[in-house]
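In the two complexes that follow, chain A is the common piece, with chain B as its partner first and chain C second.
Here is the complex of A and B:
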């Protein structure tokens, strides 16, 4: 089959690789009909996530048609249309039973690697380095889906691929980021980053009843999407010297947002002069893996007693974490890879009811074979790119 | 020094499976290491402790090193994780990078994360 493989920093290629086979009884094989490039794939593409290996198939957002099932899978049959959640979860361990699917205790067969980095192993993830299991990803024609009796979301109506594809990751991820904010009605929420996850965090905050939702980005076309499609009430386009913290206070009567969502992660692009240079140098020399402007600003901007929701992906270590502000302002931080299985049914219902049409983020649709160009377009935000869908 | 893991099943079931062929953690059991089973707090299941002695030295440490070879702790941990996986999920999860499932030897020798060739499938004892 054809698959998108990582072949070194800033390089992916579409190559012929063997077709996946059923390896365990609870596996299924899915023929992929749509798959997407995620902002977090760029962290791998750029070489900032350790344990990515030449030849690894990338991609953790995919859907398609079941073609084969193992003996232990009775809920699916060949021909079923499914969206596959990006974390692989067994459904049996203590974490899965408590809906902490992205922390599944069994699905990562490289626990020894993960324990070295993080102290504990977290769930296996498709196409997302060997730290999360070394599973082949879904930017390909077929994928093997372990624990297929637990994960895949069956799509049983005529919604298009693009309307349901993002149940695999970015819609539930954005939703979890908003849910972390404990919105009960009337809050001000600031969302750092108006990429695809940021768009869904904004839309979800609106859905949950926030009164003011402020989108922060450096690209006007993304901020326009945030207002016109996702429902943001205010925007901040940060210029080189603009202080996001001051602007956020200005927009909230000096209080600061009740909760802030970091939908940026480890490769923040803005920053303040010297500190930004410091981060760039440290990250380039691999002595700091995470550039943390967005998270630092989120902490400084958040109102005392507020919540910092971190759904942007971080991979290692960050310098100059503002512990003083964090502690003295009595903030609460909530983080994590999304427990997609927890939200899938509820969000699928929202799509079916017409409360939201997640396809609004899609700006580019291309064939799998041009994935290398699509990575470049997405990375450099060319052609007003927000989200790329690949068609195998 | 002890290696430990928690299995999300009641103690009598965990004890029974521990000595059932197919589940039995051969590396640990063949070493005569002392193994202890305890009820975990709340709804968490059963804690298993394997005493691997003092791997840094001393007489007991030397005995343990003799029993376990050079890489005692990683191999004990593999056994514990595979036992937990098997008991909780009914299978040993395999990835493309680690097709045999959790193995300390794979730490530095990951396969690329892409599907296996036919010859590799046989080697990894699939089907």
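Here is the complex of A and C:
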């Protein structure tokens, strides 16, 4: 089969690789009909995530048709249309029983690697380095789905692939970021980053009833999408004015947003000259893994007693974390890889009811063979790119 | 094969400030020209370089006024002017220390420019046109003409 493989920093290739096979009773094989490039794939692409190896198949956002199931999978059959959540969860461990699916204790065969870095292992993830299990990803024609009796979301109506594909990751991730903000109606929410996850965080804040949703980015076309389609009420373009904290105060009557969502993560590109230089040099020399401008500003901007929701991906360590502001302002931080299984059914219902059409983020739909150029286009924000869907 | 230009505008900025600072401070002493006319010329060159770097429209600029390609043109012109200075003033006759640093700095600057991407994007190597041709969506229409995709459902 054809698959998108990592072949070094800033390089992916579409190659012929062996077809996946059923290895365990709870596996299924899925023929992929749509898959997407995620912003967090760029962290692998850029070489900032350790334990990626040449030849690893990328991709953790995918859906398709079941072609084969193991003996232990009774809820699916060949021909079923499914969306596959990016975290691999067993459904039986303590974490899964507490709906902490992204922290599954049984799905990461390389737990010892993660334990060294994080103290504890996290769940296996498709196509996301050997730190998360070394599973083959879904930017390919077929994929093996472990614990298929737990993960896949069966799609039983005629919604298009683009309407349901993002149930695999970015829609639930954005939604979880908004849910962390404890929106009950009337709040002011700021969202750092108007990339695909940021767009869904904005849309989810609107869905949940926030009164003011402020989108922050440096690309006008992304801010335009945030306003036109995701429902942002205000925007800040930090490419024009880097004083984000002051602008957020101005927009919120001097108090600051009730909650701030960091949908940026470890490769922030704010324009704070010297601090950016410092982070850039440290990251380039691998003495710091995470550039934390967005998180620093999120903490400084959030109103006292507010919530900082972190859904942007961080990989290791960052410098200059503003502990003083965080502690003295009495902030609450909520974070994590998304527990997709927890949200999938609820969000699928919202799509079916017409409350949200997630296909709004798709700006590029191309064949799998175009993946290498699509990665570059997405990374460098060319051609007004927000989200790329690949059709194997 | 395309000539590799991996240096993006941020990394170029790091070199600008580092080199500018070094020329203004330690370089003349290290080159053995401290206190001489050549030393003063190198210090002024470093100050000018760091000065217009702060005015450049790139991530490390303070006042983003000068477009990045114009900054690169200033780099090239400044490097050539620095190399020419000892020969214009005639100080090259006073020994190699009075002109070799100028020429060496010019060559360093021109080498740095040769591997800097003038678009500022650095390691970009994608074929956007191929993606555009293969794309079944119209990004511009979708972003600017698309309708609201979400409605509030909970208060």
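Just a few scattered comments:
Convention: the second predicted complex is superposed on the first by the 389 of 392 C-alpha atoms of A that agree within 3 Å, B and C clash if a C-alpha of one lies under 4 Å from a C-alpha of the other, contacts with A are read in each partner's own complex, and residues count from 1 in each chain.
Assume a contact is a pair of C-beta atoms (placed from the backbone, for glycine too) under 8 Å apart; a residue touches a chain by one contact, two chains touch by 3 or more.
Nothing here was measured: the structure is a model prediction, and the numbers come from that model.
In the superposed model, A:296 makes contact with neither chain B nor chain C. Within the superposed three-chain model, A:386 lies in touch with chain C and out of touch with chain B [touch as defined at top]. Applying the stated contact rule after C-alpha superposition, one finds that A:341 touches neither chain B nor chain C.
Contacts of A:105 after superposition on the shared chain: chain B is touched, whereas chain C is not. In the superposition on chain A, contact is made by A:209 with chain C only, not with chain B. Using the contact criterion defined above for the overlaid structures, shared-chain residue A:350 touches chain C, although it does not reach chain B. Look at A:130: by the touch rule set out above, it reaches chain B but stays clear of chain C. Contact with chain C, but none with chain B, is seen for A:10 once the two complexes are overlaid on the shared chain.
Residue contacts after overlaying the shared chain place A:376 against chain C, while chain B stays out of touching range. Comparing the two complexes, no residue of chain A contacts chain B in one case and chain C in the other.
Chain C contributes residues 10-11, 13-14, 17, 59-62, 64, 121, 123-128, 130-132, 134-137, 139-140, 142-144, 146-155 to its touches with chain A in the complex. Taken in their complex, chain A has these residues touching chain B: 3, 5, 17-21, 23-26, 51, 53-57, 72, 88, 90-94, 97, 105-113, 124, 127, 130, 133-137, 144, 146-147. On the side of chain B, the complex with chain A involves touching residues 6, 8, 43-45, 74, 77-78, 81, 84-85, 88-99, 101-102, 104, 106-107, 110-118, 121, 124, 126.
Listing the residues of chain A that touch chain C in their complex gives 10, 184-185, 203, 206-209, 221, 224-225, 228-231, 269, 271, 273-274, 276-277, 280-281, 284, 350, 353, 355-360, 362-367, 370, 372-377, 379-380, 382-386.
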